[in-house]
Each structure stands twice: as C-alpha cells, then as structure tokens.
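Reading through the structure tokens given below for one structure.
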C-alpha cells in the first residue's frame, strides 16, 4: 500500500493567478544561524558583527545580515513554488522592510501574480510576490521572483497569460522605512573598516573587491539546508550525475552572499541592503569555482527625511574563476562576459 | 620518559557485568548546536524550527531535535564503550523521556548488561544500557546498544556469557511520559507542512520521502565532532587508508538524522520521536554516497490518557545511491536489498 | 572610473616603528561560534563544554575556548598586518589575560615593535604586539608575532632595523592573572575525563595524544572565515593553483586548535591555556592531511598565591600523516623531523 503523502512540489498547471501559499516551517533565527552564516561567507560588516557597535549608533541590538533574511524567506517558498523549476529567472522590487534580530521567527507567504506558458508547452513562467513576516505579522521582506516551472503534462491547458509590470528600481523614498534613527556621530569608521561614507561615492565609480572564495560542496549544502531550501539540484549528486551539468548546482543565493561579503573591501560602510532592484543569476556555479566580485556605483540618493544615512545604488557583479581588476561584464557584442555568474542591482545604505 | 596518560579505550576483557561508566564531558546544548544541526541535515519540523509554533501548542519553548539528544548521549559513551569496536550491532528499548531545551546540560552513564565472547576469541559482544540525564539528574534518554569489541589479548579468559532479554518494541503506554499536554487546536497544519495527522496513517502504508542528500567528508566530520564522538574510523584518513574500506566511515547516526529530516516529506506532523524500538546499520556509508529514505507504517496506537497526541510505529529505511519509489528492503531470498544502509523501527508522536 | 577603495593590505615599506593599527570589525562572540568551534575541532574540555561544570568550580559561566579568542584577535590583525605576508614566522609572549564569555565583544589593536628588511630587499620582517580587548577596554589577550611581508617596491628605502628582545617564556607569576578562584574540591575528575591533576605531571614526560583528524577544505575555510581572517592563501584556489603549492594553505591556527583538541587524551584536566611562550608553524598543511599530536612536559610551576591551580609547561607538537607513538620532533642532524607541522610551547593550567 503506497500513498502520495510524500509527494512534493507543484507544476506549472497547478498555479492560478491570485493563489496564495502559506509556506511551511516558520523559523526562529538564532545567534547560531548568524555564526554559521559568518563561517560560511566571512561577513565583516561592523553593525552585524558587534553588539556594542550596533547599539552605539542606535540599534536595539545587532541585526542579522539582510541576506540571511532573504535566504530564509526565499527558502520557505521553494517547496511550494520552485521545486519543479527549470530555472530561477529573476528578482524585482525586493525591499527589506524591517531589521531582523536573533530570536525573531520568520514565516512566508507567496501570491501568484503572473503566469505565462512557454511556446514549447512543456513549461511556463510563474511570477510570485513573496512576503516574509515576523511572528507578530510585521512584514520584513517583500520581493517578486519569476521562475520557469515544468508542466506535469504538456497537454494541460494554458492559462490566460498575465505578466506583471515591474518597476526597474525601488523609489529611494521607499527605502529602509523602519531603519532606526542612527547617531552617526558615534559610527566609528576605523572599527567599521573604511573612511568612505555616503558622500564619498560617485556615480560611475567601479570598485574591485580584490578577494575571492572557492566554493566547496559541503559549504553550499550546509548553507542551503540552513535556509531549509530543499531544491534537489543542490543536494542529490546521484540524480544530478544523470543531468545536464553532471554535478550539484550551487544555490544562487550563496553567490549573492559571497559577493556581498567580498564587497566589504571598498564598501565596508554599506552596512544595510535596503533593496534589490533586480537580479539575475547569469550562469550556474559549482563546487570548486572561485568567486570574485566587483561593484559599480549606479546612482546616489538621499532618503527623504533622513539626515543620518543615504542610499547608494550599486551593481554588484560576481564572476567565477576570473579576477575583476578589469571589471568584466559584457562582451563587445553585448553578451554576458565569460565568467559572470551574478548581476545584482542593489540599494545600499551608508552613514552620512 | 613516556607515559600511558594518553591511552584510550577499553577492550572486551576490560568489561564486567554490572560495571558502570560515568562518561566524560558533560555538554550544554545551545542554539548554536541547533543551528549547526539544521545546517547539516535540513530539519524542517515546525515544533523544533519555531519558538512561537512550539509555544502555541504548549511547549515552554522549542525543544531540540530528539536525535541531537541521541547523538550527544551516544557520543559520550564512545570513549568508554566502543573506541575499540569492530561494529555497532544494534539498538533496542531506546526511549526519549523528557524534552530537552537549549541551555540544558547532558551527561551520560552506561551500565554493562551483557557480555558474550565470539567463538574466534578475538572479540566479543558488549551490551550496555546508556542513560542520558540533565544536570538536575532527570533522565532524558535511555537505550540499550550492543557492539562487537576487540580483545586486547585473544588468550584473555572469557567471562560467563550473559545476553539480556530485550523487548522487540516499547509499550505505547511508556511513550513520551513527560511530553507537555498540547493544545492541538492551535497546531497549524499549514505551517507544519502537512494536513495528515495521527488518524490519517494506516498500517501497511508506505511513503517515499522523495528527496535525497549526498554526504560530504566535511559534513559528517563536523557533525560527529559536534557530538564529541571520537571513534577514529570517522576522522583518520591516514589510518583508514590502510583498512578494509580505504576510507573514513560515516557515523551511523548521521544516516539516522538525514533519513529523519527527509521523512518530513510525508511525515511532517510526526514532530517527536518517542522511541527507537530497534535499529540496525545495515551497511556502511561513505562521503559521496547519496542517501534516500522511505517509511512503512507498522502500527498505530493510542497513548493512554492522552487525547492530544497518538503514536505511529514506522519503519524508517535509508538507502544509498538508490531511489525509493519501489521501497527497497529485502531481496527475494530475504537478504538486505542492494543499497539499504539503515533499518530503524520508531515510535513517532503526531497530533490527533 | 575606477577607484582604489577596494585596495587592501600593507607592504613592508608601509610600516613604521610605533605605528598603531586599530583593526576593523569588532566581533561579539556567541554560543553559535562556540558550537561551530566544537564541530570543527571536537573540543571536550569540561569547563568549556558544560555550564554547570564551570559554575560548580567558580566560573560565573562557561568560558569560551582560549584559542577562539586567539583566532578572533589574530584574525582581526590580518587585514592590516599580514595580507601581503610571505610567511608567519613566530609567536612569543602570548598571554591570556581574562576569561572570555559568550556575549563579549572583542576588538584588537596592533603596534609595530620591530622592522628588519631582508637582505634580498624584496621583503622584510615586521614584529607587532597585538592586544585583544573586551568592549569595556579590558585586555583579554596579548601576543607578539612576526611575519615576513613583501615590499611593494624593492627600491623602497629600508628602515633602521629594530628587533625586539623577547623572553623565551612567560614568567609563571604572570600567568592567568584574572582566572577566578576555583573550588577544586568540586572539580569532578570523572566528568572531566582524567584522574591526572597538576601534581601528576613530571618534567620529561611525553604523551601520545592517540587520535588524529583529517582536514577538509570546507572545514578550514569555514573556521578561518569564522575568525574573519581574510588571508587569501586560505580561500582562493584559482590563484593558489598558480603558486608554489598549487593548493590552498590551511591557516596555522587550525592546526593549533586540532592539536589542542587532540591533547584531551592525556591532558583532559589542562582546562586553560594561560600562555603561548613561543610557537612555530614548521611546515604548511593542506586539505587531506591527517593531523596527529603529542606533548612533552617541559616544566611545572606553582602560580604565586594560587593554591587551587598550578601550571604545566608543555611542548605541543603536531604532525601530519605520521602517528606519534615515537614522538617525532627532530632528525639526528637536528632538522625538523618529517611530518612535523607545529611546535608550540604552552603554559597550561590544571587543578591541584
């Protein structure tokens, strides 16, 4: 007697516009998660690294790294949204709404906001808006992502195509709505690791983040499990050996976190990611790949009513097995340059 | 001048019936251990994952995963009992007596309850009953295990053989004696990840847990050290290269934890392991192996005086490098099927 | 428009006698760090492992392992001192001044106390005294280290050579100045794992620590990132493949921690490292190497005014891929024996 109780994952034809998924396994974030995050990526931003540093400038305590929040909320959505995904296509309108502290419990819901079958009828694109909330209901993170999801049956009828309109960037007025008022006179540049504050960055500036990290299977698996992200391509070598790449794929969020940690060299005072305007995993990464990163300053903006902090919009580019002194991005013909694996568009917050 | 201070481990002739070992290194379990456990196995059971979820149903706070408790108590016993073991032969009568919370400190004692020399006189079987206790003395876990231990000298005299009688299963009336009374009306199936409660499982039902995890050397070593388990076969490649397998062996408890984590797909509401009726490590696992799992429901039982929860007895089978859609267990001739590495008999507790 | 904001690391000609570096990224140590440390090395000393054990003898709570403190303070100094180092040459006068507890935040400063250009003019030796402090300013650790650092330009002028005089050992009167008074009558040898206290060790005694650990890339990377140590040789396989060793080098502190954890077999009651009199990384280690360790008792000493504890000076030697039953150290001709990777001279504190 076999049952379907273990069956998991939705296919393209299982999604409907307006459908809401309350994802399983609410998750209390702890100092243990923070330690493991630090061990996996080597984050050094002083606000997250030091309780007294955070408290000196006005946080009640050290917040957790913004990308821990992202990965945990994202991870929750995988079982319902992207277990049968072919590819994670993009992100938009990702806003970090509230600092998260150890002890907070995060849950997540996703609403289907777009559906478009592919012309080959074997898959389709699903757009969801995912919201992470604290136990109190307070939203901490909201983002749109779209993924290409397999159909169970090619013959299943296609839904009316709906493609949501998405802004190319978050309005600076919407950034960091609940960031505490900070006493930046008590922000110690030496302890933070850099003399460069908000006003010191100029549009067009490119920064080579200099360091690099080689990925190991154990590292990406531990990280991805920590986020309770169960996408099989990251964990099952026995099945992956039969697939296109013959290897386990590294969860793209790991490249985001590595690139962010590397960006400390040159952006040490960019202590908060306020928004991800857009993002694209340009190519897959695998264990053994060495990740480099560089940034370009795209825009600087005041945040209305805030005299303590300002925003810098930066393109954060990660490469594998290629150093970044020449800031590789596109070929002469406009293709993605060899080695580019991640292209993120971020709003960063720095002290003024 | 050399001394024997570094000498470690007992041999078969060092054990006597009735001997009691108070194991070294009491261990305070922390949220850090929990985070690492989550990173190593990807546990998703809501009661352990979320403080508010646990508190809503009546726990004072989120308990730690039952198998953390098992591994830490087991790990303590290794230095005295099984450092010179040839094989860990089996478990019986393993009962989880008390929820364990971060901040609790666990110690362990073992009593020798059986001894039987092997006919080749080079080794013998040692039976111990191991008890884990909180700092207050409160027992949290008790189990019998038997291991084949080498003799120091084949000529050492054999003790009178004593083989303890062991029940084939724990009586349901003895399950979960100190589980808090739970308000299961506040148990949220959606957050827990499954609509199936106690009454929804039927004897004979088989569940393929669908997912799989590939083991890495760094992962099993980190886990096994976390439990302060010092068995050499898990850590010393230099010595193992000269042995039968040429490789480090994965601590069998890691397969237990992986299979348990995978069983979330189909048994998401089985939030508590109340007992391990019996268990056998059928074959060794190594780094690079991919672990799959399936379960069969063997029995369902009410727990006397409990209207909040019920018990499901499940066989949890783990395989390496073999998917479980066809529930592999035995060959036609009754041998263990190819790929089976673990065969556990569990009492699980679910909300009614 | 490229900028130098991401530029990192100092060269030999950037250092001046008396120069003080306040290192970036103060770091709050948590129970998460402790768990990860335990998972990476398998520490079993009861004082650090158990809150009730530590409190029974007089600690306010369980202190963190001394080497966590060392690695975190050392790690902070890397970005300013040794990012362009060719080799870490030695340590001296390293004193652990104050117990550190989870929740403490550590910062570090280094003062340049010696400079000596090498005769080839492409590099020079930099001597620094590094001090780690709690948030209150209380010093917790002080040590001298010297490193060979590359010059940016061989033609840069050489400074006047200054080589600091360094004592060969810390005076026992200076050991453990703020160790709490301990009630050693409540120190439980059985729980601690050894009957041997301070008076049981004799000068000349050699102890084989029996166990061994094989290193994995993921393990040393996670550990080294946990300490926010950014030395590139540990992380960047893409660059290392072009270098002398073709591989990532393991941070020498990892060998220190592994050897220390292994030394539990024979030195289980040596619960506190009070000082590192000197130390030398004799040869590099790599992933795949198996680390063994042995100790020789060099000296025993009373600590003035302390009747609770005494000091044992021990040479802790680590080897790779070579067992220690014959205590390998030097060849007949006085060279370092094959396999020796670490030679540490420690003051250990034990209960009397």
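In order of appearance the chains are A, B and C, and numbering begins at 1 in each one.
Everything that follows uses one rule, which is that contacts are C-beta pairs under 8 Å (C-beta built on N, C-alpha and C of every residue); 3 or more make two chains touch, one makes a residue touch a chain.
Because the structure is a prediction, the values reported are computed rather than measured.
With rounding to the nearest 5, the Cα superposition of chain A on chain C corresponds to a rotation angle of 120 degrees. By the residue-number overlap criterion, the interface of chain B with chain C counts as different, with under half of its numbers used by both chains. Averaged C-alpha coordinates give centres for chain B and chain C that are 36 Å from one another. Residue positions 30-33, 35-36, 216-219, 222 of chain B are each in touch with at least two other chains. The touching residues of chain B, when paired with chain C in their complex, are 1-3, 5-8, 22, 24-28, 30-33, 35-36, 79, 103, 105, 107, 135, 216-219, 221-223, 225-226, 228, 230, 232, 235-239, 248. Residues of chain B touching chain A in their complex: 30-36, 38-42, 44-46, 49-53, 62, 190-194, 196, 202, 204-214, 216-219, 222, 265-268, 288, 290, 292, 294, 321-323, 327.
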